[in-house]
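Letters A, B, C and D mark the chains in the order given here, with residues in each chain numbered from 1 onward.
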Amino acid sequence: MFTKVLVANRGEIAVRVIRALREMGIASVAVFSEVDRAGLHVQMADEAVCIGPAPSSQSYLNIGSILEAARRTGAQAIHPGYGFLSENAVFAKACTEGGIKFIGPSWQAIETMGSKTGARRVALEVGAPVVPGTDQAISDLAEARAIAAAIGYPVLLKASAGGGGKGMRAVRDESELESAIRDASNEAQSAFGSGEVYLEKLIERPRHIEVQVLGDEHGNLIHLGERECSIQRRHQKVVEECPSPLSRTTPRLRQEIGETALKIARAVNYYNAGTLEFLADQSGRFYFLEMNTRLQVEHPVTEWVTGLDLVRWQITIAAGERLTIKQEDIQWQGCAVECRIYAEDPQNNFFPSPGKLTQYVEPAGPGVRVDGGVYSGWTVPLEYDPLLAKLSVWGLTREIAIERMRRALWEYQVLGITTNVRMFQQLMADGRFVAGDLDTGLLQRFIAEKAEAEPDGAELTATVLAAAVFENRSRSNGVKPVDTRTGTVWQIQGRRGLLR
Amino acid sequence: MRLRVEVNGKVFELSLQRHGNGSDYTYVLEGAENKAEPASVVEVSPGVFSVLLGTRSFTAYLSKDRERLEVSVGSERHWVSLSDRRDRRAGAQANAASGPAEVRSQMPGKIIKFLVEPGSAVKAGQGLLVVEAMKMQNEMKSPKDGVVAKIQGYEGATVNAGETLVVIE
Amino acid sequence: MFTKVLVANRGEIAVRVIRALREMGIASVAVFSEVDRAGLHVQMADEAVCIGPAPSSQSYLNIGSILEAARRTGAQAIHPGYGFLSENAVFAKACTEGGIKFIGPSWQAIETMGSKTGARRVALEVGAPVVPGTDQAISDLAEARAIAAAIGYPVLLKASAGGGGKGMRAVRDESELESAIRDASNEAQSAFGSGEVYLEKLIERPRHIEVQVLGDEHGNLIHLGERECSIQRRHQKVVEECPSPLSRTTPRLRQEIGETALKIARAVNYYNAGTLEFLADQSGRFYFLEMNTRLQVEHPVTEWVTGLDLVRWQITIAAGERLTIKQEDIQWQGCAVECRIYAEDPQNNFFPSPGKLTQYVEPAGPGVRVDGGVYSGWTVPLEYDPLLAKLSVWGLTREIAIERMRRALWEYQVLGITTNVRMFQQLMADGRFVAGDLDTGLLQRFIAEKAEAEPDGAELTATVLAAAVFENRSRSNGVKPVDTRTGTVWQIQGRRGLLR
Amino acid sequence: MRLRVEVNGKVFELSLQRHGNGSDYTYVLEGAENKAEPASVVEVSPGVFSVLLGTRSFTAYLSKDRERLEVSVGSERHWVSLSDRRDRRAGAQANAASGPAEVRSQMPGKIIKFLVEPGSAVKAGQGLLVVEAMKMQNEMKSPKDGVVAKIQGYEGATVNAGETLVVIE
């Protein structure tokens, strides 16, 4: 086993990895950019090395600087977290060639699965389902008819030259095909200057379902079941859960999608942790999309339900040890839900809200886990992803998990910057979400619909009294207010007055 | 103590009396439905207040930014400003909306595009320009109906937080 | 289901119950004594009522005041927590007669099982094992020989008139009996004025093992397995775990002890949550000791391993609902360990250390649960139990759980008062504890043996630098120090200087 | 800055120099093995300091009580007092052990029993009296060898925190 490991990341995921290392009795080395000197990961690690200025390109993406930090501290391995260099085959290769173990899959596997088209090719080779269709423009109606009949209605016409909904038409049966091609083609022509369109299977109200796999370097590979990540905004996951509510109504789903995932992963001799992403329709039919050759943000929900510590396994596997668990050992108990707590303003088009956390209280108690990367007094820098923490909960049933999430969100207090906590509270009370009736468009529809509730009268009174007592005390004692906005770039004045 | 309190734009008159040196108060909040009522308010840690209204319990988290307080109670966040009852400035501030309005950049970023020109007539809520920060684009909107009096900066320019970009009259 | 429930307790257990109520969508009413106005349970509840001055007898034990608070707020039920009125049959009866549901067993069951002798009688009636012996004094050697032969050597002679080790003798075989009786009797005579001694089976290196039971008001009763609570100081549990390490070496233990517990509980028509305590020898033979007719402090370890929310079930059962889980549904997964974080000073004979928490940071992250009743800035009152919080962790194996506990304890920071966190850190590294080789005397031996480690040189340097920068800043800015000891009764000067 | 630092009773001389306005320092700590070394010290939140010694990272939590600082680093707690290098008082304090010592009650409680009488010769660590608080009895011990000069209070008396109970000369 390693005695010292460098964590080439920041924020909550660096803290998560450092915690695993500490539990394993392995010394941890944090790296930090100049604006992250006071970062929580720097405080939590046994050692810390500055790797450059604030821009990621000069620090967290700076391969030379990171490898130098590893050499200087004598780290034997590097955990890349997610994002930054985690899916960079060049970095993985440079580590390997530099005699430092990269905690992840082989750089070859990263390279092969790194592009969507490469991954799709692998999937097709092993006979895994991908979204059926043709990437080439259709030349005439007869050809379109043949393709549509082959992939089955409904189908979707898409413009070859562009996106954004222009030149797009859903076709429910063959009778609609001819006029739809004409309309789509005309629209594409005027929008993009090319009338070319192609055909794809239309997946209505698709769900994003992914499979966690874990393999050692001796050829053992298992899957840890599915996660549902359909609650997205602009293709960014914000709520994830394990298991998928779809696996209640479609009991065969887990085994089928799990085996498909393993088939694809085996084709590239995959090892360490990885995730295969699928689109599924509401009946549970699924299509492979792409692979993430790293730890996912949402790994805690799988950890809750399977009881496995994925980061610990990543490190153990990278040290050359064998996977001592077999597919038949994996049990899934209860349900876990995760909300990604972002420094962003749902009232203001989800604009990032960096600044100083003047008050910060995390929830605790039964069934609640917070993977945080911040603390009260920390100034969230402008330069990076605005993820503050991940709040995950577990319950014996999905209903209990959601009730627990509502309770935990109630306890979560963040002042000084704006977060999406309030949005999650409303979402956790939404009938469709509670029923597990999810699709990748649900959150957008939810955001468009929801109206601000009037605050309760007594709550308003409590606010006024607390404010008055606070103000009176500050004035009469000449006491400095609790927290001034030093270092805060967000101007409340401007925000409230001008951006409504 | 008599105060003029503005919460989320609504104005209340508060009269608050403390009993002894403890946490007990009597208050009248005009503008809301409250009559003279007893309350208990105690600061449990810096900026955190436990408030009991009769038996109902609330915890308020406070953070101060210049003239305004940010107060979080349960899952709601409120913006509160307080002033002495006869404070002239308070009245003046409340009427600020009738003068010219300056649209300022909220954080360091880059001007992507102006959507209006000097002299354009604009409506409240209409987009004025697009600014990019943290790889996200954001449309800044007009706070009121009016005419664009001035535009500062140019497309592609880097701006600092608080810089005035557009003035509406 | 209830719509409002009063929690007749304070500190961490009141917070625990309030969290469960919030998850169930039930309004919570806290009660508080005058010194607890700023207590965390008051802040967390929906409503709060002052029930009297600081002394428990006038507040948390004041039946009239608590029932009045329930009536005033319209609470339909009362959860008593543990301690205070939780095992008070008079209170349970007064609730019932006052039309307020007592969340716990019937007052009759509390009354019957409330005394050790009553509980022992019930156990004997149903044929459950109790520690063999005689409560009456032995009259002559022949009788002593017969009894000792019947219960089997080794046996223990004890003085009828007193305790504390005086007049106590272990007897390994019959040849030692005569002289041991003479010695013990003489010692008892001079210590207590009576030479009467009696005989009991000597259980060497006993383990404290208890069984959690859960029953509804319709006659369904199940057990949730055992907990091991052998790590005690002066009969006060400080570390608990589930399962018992003994159930690894003695696989039949859980079923046998569980069935015995159910037999005893059924004899008193027990319902709601309860715990049956046993002594076990190192081979897994067990003897019933007594029953706690309430929720235990250490319930989280059972919750971790079974996935059941015991407080939620208590409330559900009290509302008249049926237990929907059967004995065969219960699964035990992994291992959970709990440390009770007390405001006490292990260096100073475990003297309580109330005062102000000037810095307070709880651990978080994977597999860590903190059930706390305090916060940074809170002054721990003199009047009550010095339990600050319970730190529990879960791991797929006991080894992982212990490693995780070490990591969590490392993250735990409490300043202003002294706690037992450091002692737990050392205990979690003790070979005997790690091997699961436990008995009720282990902690006392451990405390007697352990020597203070010299702090690491670099750590000392870091301390000095931080202190110097802090001090320099305070002086030059004229800034008030972070936290003065206002409200702290503990005098560091006296403590450090005078009590070594 | 040159300081005399006492940590858990051990004395060090610290010379600390700050570079610029950032978190970088150079220090010499005499009494420990350290030579002139670079360090980075930054207060990340009130009373919490992140310290880097070379690449080694420490987080120190501080709390002040009168003259002393309580500092927690990792799992260790230290008691630190600082004084200017030539501070006379520091020397005087260090020698306090040679004068009379007052044994004070640590918290409100009740005197259960005196174990010595005025004039008794006592050794360091010998029990002087038993005080009860929070239902626990605690023996208070003599801080040094000497003679009991004075006893204040009586068995059964209620005492407040900080009250002198015994004086040893």
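Operating definition for what follows: a residue touches a chain if its C-beta (ideal position, glycine included) is under 8 Å from a C-beta of that chain, and two chains touch if they have at least 3 such contacts.
Everything numeric here is computed off the predicted structure, so don't read it as measured data.
Remark: among chain pairs C-D and B-C, C-D carries the greater number of C-beta contacts. With centres set at the average Cα position, the gap from chain A to chain B is 33 Å. Here the spacing of chain A and chain D, counted between their Cα centres, is 49 Å.
Chain contacts: chain C has residues 44, 410 touching two or more partner chains. In chain D, the positions touching at least two other chains are 46, 48, 56. Touching pairs of chains, sorted by label, consist of A-B, A-C, A-D, B-C, C-D. On the side of chain A, the complex with chain B involves touching residues 348-352, 354, 358-359, 361, 382-383, 386, 409-410, 413-416, 418, 421-422, 425, 455, 457-474, 481-485, 488-500. Within the complex formed with chain D, the chain A residues making contact are 29-30, 37-38, 42-49, 72-73, 375-378. Chain A makes touch with chain C in their complex at residues 15-16, 19-20, 22-25, 300, 303, 307-309, 311-312, 331, 333-334, 362, 364-372, 395-396, 400, 403-404, 406-407, 410-411. Put simply, chain B touches chain C in their complex at residues 23, 40, 42, 44-46, 48, 50, 52, 55-57, 59.
Against chain C, the residues of chain D that register as touching in their complex are 1, 3, 5, 7-8, 12, 14, 16, 25, 27, 29, 32-34, 39, 41, 43, 46-49, 51, 53, 56, 58, 60-66, 68-80, 82, 101, 103-108, 125, 133-134, 136, 138-143, 161-162.
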